[in-house]
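What follows is one structure encoded as structure tokens, with my remarks underneath.
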């Protein structure tokens, strides 16, 4: 249902870019867990706007209040509500956009869907700003998953043609990720990316990229057949992030050019006698189920639709074609700020499947 | 929940490759609709096994019985159950597979998940054979959607390196699709693909490919924000098909190399005064909502995991590495038979969103 | 969604009274469990029609086939499909009922809902016959629950004015229940009930009654707050049984006449140091959560709507009022055969909540 | 999932009695609707605490803020979040309750469920205070339903032995309901009830009662078979209100003492040629579907568990039985304030089914 996610819990996201605020309610978290709120705030800062010239200039501290669900620093089992007040709104920037929909944005189909009553200011509920509540909910779940040895980490695989070193699919180098605005393995790649973004900015344009994400520590067998496999649940969640245009697992689209004998990963016993695969082209998931190898997936992020170059659109009032010059504050590339969002949203999906796993673990365990 | 799909209806798939049969229950279809059963059977024949040497030699007529929900040729509003008896089983082919999991298959994680009690014969519930019930349910929904002007069509975009002409994203050539085993726009491409598949077969190997699918006639605004956008619902469904490794919409992963000014599709009024986009790199969906342009997506199908070349695996009983030589009957390339499956599963997703649309259409319509 | 139940599993019921058959698909059962099929068949016989003159004369052996999900006598983790062929149909008995809806039946609203295309024969999907699939699914879950010490038992509390001894709310006498057609604690009460039913039958009329059900062995804390408390989930399931008109927990409607000081059950430590209540007016559930005391609820079953006395109705074709004389074979009282159905449907609800409990049990248990 | 309700929309309730506040997110409301906020506030005042001596003395203005989803007084299609700050908290009243659970409350099973980490203050998320968000969400839906001619009204049927005139089941007298604190048809009955409540209060005790609710204007056929009939969905919702112990439809438990010939309501054509029933013992619902007659149901409300008389309980710390003397502010009877809550929660259920109806209305309507 639109802005609600989860089978074993429910994450309900609310808010619009220019509403009083944005937030999230999470029902179904375990009582007793003491989240590290400082760490959650640090995580939120990774997607925070207004950090530098490579991102939007909208300045929001994005500091959230906990409205319910936390008692003396611990989850109490009741729904957790976290809320961020919107502060630096400039609705005037969006005057007139209702009649001249922005290319590449939901403005036009949303105006038809909501029969003109949608909240157009700043993209309303479709705004990238709504990824902040996703980070609050998902960041919390990342902490819960880590308690049980499951880690999630992502980096920028590419911005335009600039490529980062890919993760080692057998041992993703999560601890080697840079702590900068541009999360990469190879700092030089990061610099090339920054250059590309800055160039796009100066030319009033934008640029896209690919984010690669790894999840380690998944228990073998996590996931469900058919419609609730890891890929199904993850992709349903991930496309909840604006601007995502594709997702692939393991060797993904590249696998279509391989022979089966090249693509199949042989099973072997490792030194501890554990079953592993010698390579990881399957990306940690077979038949929707975790194999115990690192889960690897990549998502395509389109170039930011909001650009300052003049664009062609229609004027829905006059019925004539029109020229559009955007105002407002926009990221010339949303890839850097989307990295923690991908991690957080992956956590929503993985944690949901993990709760299934906890349930099944007790079958016959009495 | 695993083998159940749908918010506005429920499709429940059951069966295993070597169980008495396979089938599907669909709850929530409109009473009064008279499905064209001949057409549904013809649709089923497109994925039927045993058609020629390019596919598996398992021979199943795949003719289904209707166990409930149909009265005098019309849906009666009660759950529709359709059932196919399994006939040509050779479980002996699968003897011993429990202890030597096939590379690229769910055997290993499934054996852990089900603690050794899973149905290993023929892949059990993970078998590609379970796409037959998906075709029954989705084929029915394709007919329902067509009643309202929504059409779904797919073709083989590529097998290995052999490429078909892509769909015209502004006007996908659905009527020009070949009616052969290999559904393509360009017959010569089809022949190259057949050659590649046959080569793989002769070399006891397999090959993968890409399927491109188009949906036309979607009303503007169909879809929901955030977690129930077209991409979310479609990808959740599509990954229910075995061997899918990726999905992308519009220009997909290619968009990551474009500038915003290259990627954004300008809005224009067409000759009838309808809002359209001059190009269709967005693939018919913005913010999760249909724009009225053709929906275009592509899925990556990995090379068949079951190959006759000897492979390395583990013996779970002996704890030693092992050599595996598969018996059984397998497709050297599942891409051709997956084309109708992609169409059918797309129909599940689209029809679910369409029922949301019907509901919303009545808002304020009193 | 209509005929689908469950959060942690999905039970999908299909079939109509005069369709080829009736059945159920259950997705989400634990692999490895070896159901006692003889016991399940014995359970099914408790609701079987055609047993004696107190019930319908339709003769159905109600022996089911397992179409999927069971391998070598054990659940394999794939959806379990069980199916019963309809044999003793007499659709001629239902000729003309489409235009003269039976009082007390769904005929009229169903004909409007399905715009005349519903399956009227024998009540179609609304038939009491659809309780057989409920018994198959629920009977299986009763066995699963018993493995973990949770037992469900029901008896006829009353037929008309004839009352059975109520359960001792602190220790429901499940082992003392008669094994006869009329499940009671007090055999003399059973005879009075049989007399009342037979009188109604001879007078071409019908009679209703109350079923009392107990569930023992529930772990303290099972259930969820607000909308997924034991009462919510149980009542949602129980009203899936035709002819149920009310449900109450513990002292139920009687509690409305008590003072708080009379109704509240004091907590005490029992001899083993376990927290119990000295009385059980709360019926084992507080705030939606199990207290560890026996869960007690009662359901009201209306008199069978199908009676042979002439009744007044409308003729939808002629637009005139009409006289209706029913043919067919009907129970003069469905209460006796509804007893196992109440048990089975209670098992659906309780097992769903129990899976939540299994999940939560692992919080912080790593 | 616990505090989330709805298939066609999602209502997510959050907050605890002594948290920063309580609130609700509603996803799936129609864009463009202009709710009458004054009327919603008036509706909220009917359940507001601190009105007089018959209710709790906790004083909360219960004025809510809209945090999202409303633009220029109209719903914008994005999730609607409404929030009430908690003001008059006295957590000191609840000191020590963790170890001495209150009889009749969720304290004990909740402490086990949440392993001691639950929010015990004021009942936490189990508090009757959480019915305020239910009233916000449901009150909004009552306005939406009224737009389409569906009205919901409830009155106090009884407090202890004091009875109000029941609704005329053929034409519930909604317009004749008193506007006082005690919503009744017969003012004299209201006075007797007030007296009973005041007596209970003076004796440090409490008293329960029955609420009767009617829904008129339901289209014939609304509801779904089996698990999503009107009774199923309504009862699942209604048991979300604390202190409800039973629900019955039409003649309910009384029907179990009737013969079929007495209970069946004859169908007749009314003067406008519409199909109606001459009586309404079925309470407007057959087979889970609306018949077009007024829907009538009654709910049993137990006497308030929080009484000031000394009670027996256990001390979980010392392991000894204990005496409990409650502090705090409690309603000697919650029935009066529960009347709007029953209406609101009924609206949640009915509106959900109504959205199904809107969807189905468009079948074959193309």
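Read from first to last, the chains carry the letters A, B, C and D; within each, the first residue is number 1.
Criterion: contacts are C-beta pairs under 8 Å (C-beta built on N, C-alpha and C of every residue); 3 or more make two chains touch, one makes a residue touch a chain.
Because the structure is predicted, anything quoted here is derived from the model rather than measured.
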item	value
Those chains which touch subunit B and also touch subunit A	C, D
Farthest chain relative to subunit C (centres taken as mean CA coordinates)	A
Approximate Å spacing (C-alpha centroids) for the pair subunit B, subunit D	45
Euclidean distance of C-alpha centroids - subunit C vs subunit D, Å	26
Inter-chain centre distance, subunit B versus subunit C - centres from mean C-alpha coordinates, in Å	39
Residue numbers of subunit C (touch at least two other chains)	1-4, 7-8, 13, 31-32, 78, 110, 113-115, 125, 225, 360, 363-364
Sites on subunit C touched by subunit B in the complex	1-4, 6, 8-10, 12-16, 19-23, 25, 27-28, 31-32, 65-69, 71, 74-81, 83, 110, 113-119, 121, 124-125
Contact footprint of subunit D on subunit B as seen in their complex	7-8, 30-33, 78, 147-149, 225, 355-356, 358-364, 366
Contact set on subunit C toward subunit D in their complex	1-5, 7, 13, 101, 103-106, 108-110, 112-115, 125-126, 130, 158, 160-161, 200, 205-210, 220-221, 223-229, 231-233, 235-237, 239-240, 242, 244-253, 255-269, 273, 275, 277-278, 282-283, 286-292, 300-307, 309, 311-314, 316, 319-321, 360, 363-364
